[in-house]
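Taking it in order: structure first as structure tokens, then the write-up.
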Amino acid sequence: MFSAQTVIRDLKNIRQQAPLVHNITNFVVMNLTANALLSIGASPVMAHAVEEVEEMVGLASALVINIGTLSRHWVEAMDKAVRAAEKKRIPVVLDPVGAGATSFRTNTARHLLDTGPVAIIRGNGSEILALVDSGARTKGVDSLQGPEAAVEAGRELSLRYGCAVSISGPADIIIRNGETIRIENGHPLMPRVTGLGCTASALTGAFAAVNSDTLEAAAGAMAVMGICGELAAEQARGPASFELHFLDWLHLVGEKEIKERLRTGA
Amino acid sequence: MFSAQTVIRDLKNIRQQAPLVHNITNFVVMNLTANALLSIGASPVMAHAVEEVEEMVGLASALVINIGTLSRHWVEAMDKAVRAAEKKRIPVVLDPVGAGATSFRTNTARHLLDTGPVAIIRGNGSEILALVDSGARTKGVDSLQGPEAAVEAGRELSLRYGCAVSISGPADIIIRNGETIRIENGHPLMPRVTGLGCTASALTGAFAAVNSDTLEAAAGAMAVMGICGELAAEQARGPASFELHFLDWLHLVGEKEIKERLRTGA
Amino acid sequence: MFSAQTVIRDLKNIRQQAPLVHNITNFVVMNLTANALLSIGASPVMAHAVEEVEEMVGLASALVINIGTLSRHWVEAMDKAVRAAEKKRIPVVLDPVGAGATSFRTNTARHLLDTGPVAIIRGNGSEILALVDSGARTKGVDSLQGPEAAVEAGRELSLRYGCAVSISGPADIIIRNGETIRIENGHPLMPRVTGLGCTASALTGAFAAVNSDTLEAAAGAMAVMGICGELAAEQARGPASFELHFLDWLHLVGEKEIKERLRTGA
């Protein structure tokens, strides 16, 4: 049963074990992603060369694949990395950034799912919809859909690929087979900072590295995101000071804040 | 007639329409560029793969091409993106980062202008000079020339390519054919933050997305840059706190600040 | 004899000459690296295309090669850049990010050393060990070893390649032949910010651009890093506010702070 105690336990384990999270991610967010993982207590590494991804996955406790700023050579590296993750039995988190915006992104995301295994898909409403419905469209990388509109698509993806699906938005909805967790935390400034969705995926990798229950891991990451977002917003004047306080709070957040603030539903 | 009202109107339209600005830009500034566009209220997307640039341009309201950290494959994508922008009749902003530093950059910038159409060129004095004078040299990506030294070159580029030319510096000079606007806002800390020139180009794209008058759009972007720079400097202790407050002010700046602070000339 | 006066003099020269430091570095840290160099008063440029690296090196006063997020094409550009630096007789700083994590990184770092000349190697304990001992391993890009464990390896590298070796950690140890300088400054929050090791390498390039004594240059850079880290920590709540204050302090730090705080040993 998912609760504040689940999140507190996983967070403690991340800080004690400092799991290595291997990211193949986009150029826009690499720095933020690494800093978010360091702030929460994990150990990030970024590597995308076909010459080294398999070896790097061999050191890692989770693999996060993010398809923003994609190009062809990177897809080859993603494939190799996923194969290595499968062999090493570490969880793979897929962030289908901009699926629906171009067929290159939609097709790459579907290809990665088809060749899998992917443990957790983490995307916004538009992206999750685009993975099942070729007619769905996004506006670049921002969502045109709240997470509620993508619940059916999420359920379908979960069943088809045997994975958890984490749909972010004003509330976050995490689905696995028939189960659902809603995380009601967060703040409207969050989509005003680039890459906070990508950050959510990276933190999902950190939680999946210490908790093999993918539904709990995905929900725990979104809970910490949302709670740190609320705490940051209390001190922010705009998106940049929000981002700074958010990262500081990933480092500072603990039992007290999680117990007081976590709002879940189903 | 360019005035505070022009800037206020365009800014309001950016915030209401959240135009998608497609950036093909350099690795150093991708994160800052995306955050600056989000802060001002636009919707940024970064995509450079030849497989998807045309489709992404099809969703966009402006295209910003920035040649920093260039490599050969990117030039191919830039060409495709410019063709798609021409077809869709959306404005193209070109930032010739480091033109004059290497012949690869100078030649790429000239190639993009020759194959155009480019609506607005936004560069520093050295870069604008290098586009017309092969003997002109820059020191890496920092300008050795104030904007005044590049006015003649800017005028020549404007006539040759039928575009507006926005030259940044202690004062910014925007030229289109016989017309000139000077923006006297700004702060000496601005060149101490990497990528604020690139940010100016991205914001120029956002203004061009909502105002088809390229002279006004280019001047409006530089006005907001300069005003937010002044506001940020009042709270900054150094370049990093300056950058944070600058980004916050892009989110906060409104009618009051623009009316009180805009200083223009001709 | 290395002292506070050495650091103060070199820092003054960096601010007066604003040497152009050419970086071929990884995607994660490009923005931070450029901002750190700007904050301290140097002029950064990032360029990695084989078409332009030689020409860009021709403008530079130091070359910094960092092998994080490596791929094959970049190695070709690194080779060309090192050849151009040798011809122009400017110092080359090598940061072997993640050496020991994958054979691609270890081999590339060794290849660059073998073809050299490299003036200064700047790495953490695990990376320095991996350059001499193929059995040494790192966990991704974070060090599993304090600098003390790598002193023998550092001495061997210094003798073999005729370079200075700067090993960062809780204390920093800089070695050249029989000489050693210890810098005892710094703060535990520093490894919680991504890319501060890479920043140290870039600043080492700036110091090497104004001081041909590689031992002094490497030590001066680590001294400023450590002192600004201590000053930043006094104002920080977490890793992100630490990074902001650190960058501000690179801009603000001067004679007073260096005299008061520098702690060296041998």
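By letter and in written order, the chains are A, B and C; residue numbering begins at 1 in each of them.
Here is the rule we use: a residue touches a chain if its C-beta (ideal position, glycine included) is under 8 Å from a C-beta of that chain, and two chains touch if they have at least 3 such contacts.
If you're wondering where the values come from, they're calculated on a predicted model, not measured in any experiment.
Visitor: Could you report, rounded to a multiple of 5°, the rotation needed to superpose chain B's C-alpha atoms on chain C?
Guide: A turn of 120 degrees brings the C-alpha atoms of chain B onto chain C.
Visitor: At the place where copies chain A and chain C touch, is the share of residue numbers found on both sides over half (same) or under half (different)?
Guide: The interface of chain A with chain C is built from mostly unshared positions.
Visitor: Between chain A and chain C, what is the separation of their C-alpha centroids in Å?
Guide: 32
Visitor: Where in chain A do residues touch two or more of the other chains?
Guide: 27, 31, 243-244
Visitor: Of all residues in chain C, which touch chain A in the complex?
Guide: Where chain C meets chain A, its residues are 26-29, 31-32, 68-72, 98, 101-105, 139-142, 191-195, 236-241, 243-244.
Visitor: What does chain A use to touch chain C in their complex?
Guide: Contact set of chain A toward chain C: 18, 20, 22, 27, 30-31, 34-35, 38-39, 43-49, 51-52, 55-56, 59-60, 73, 243-252.
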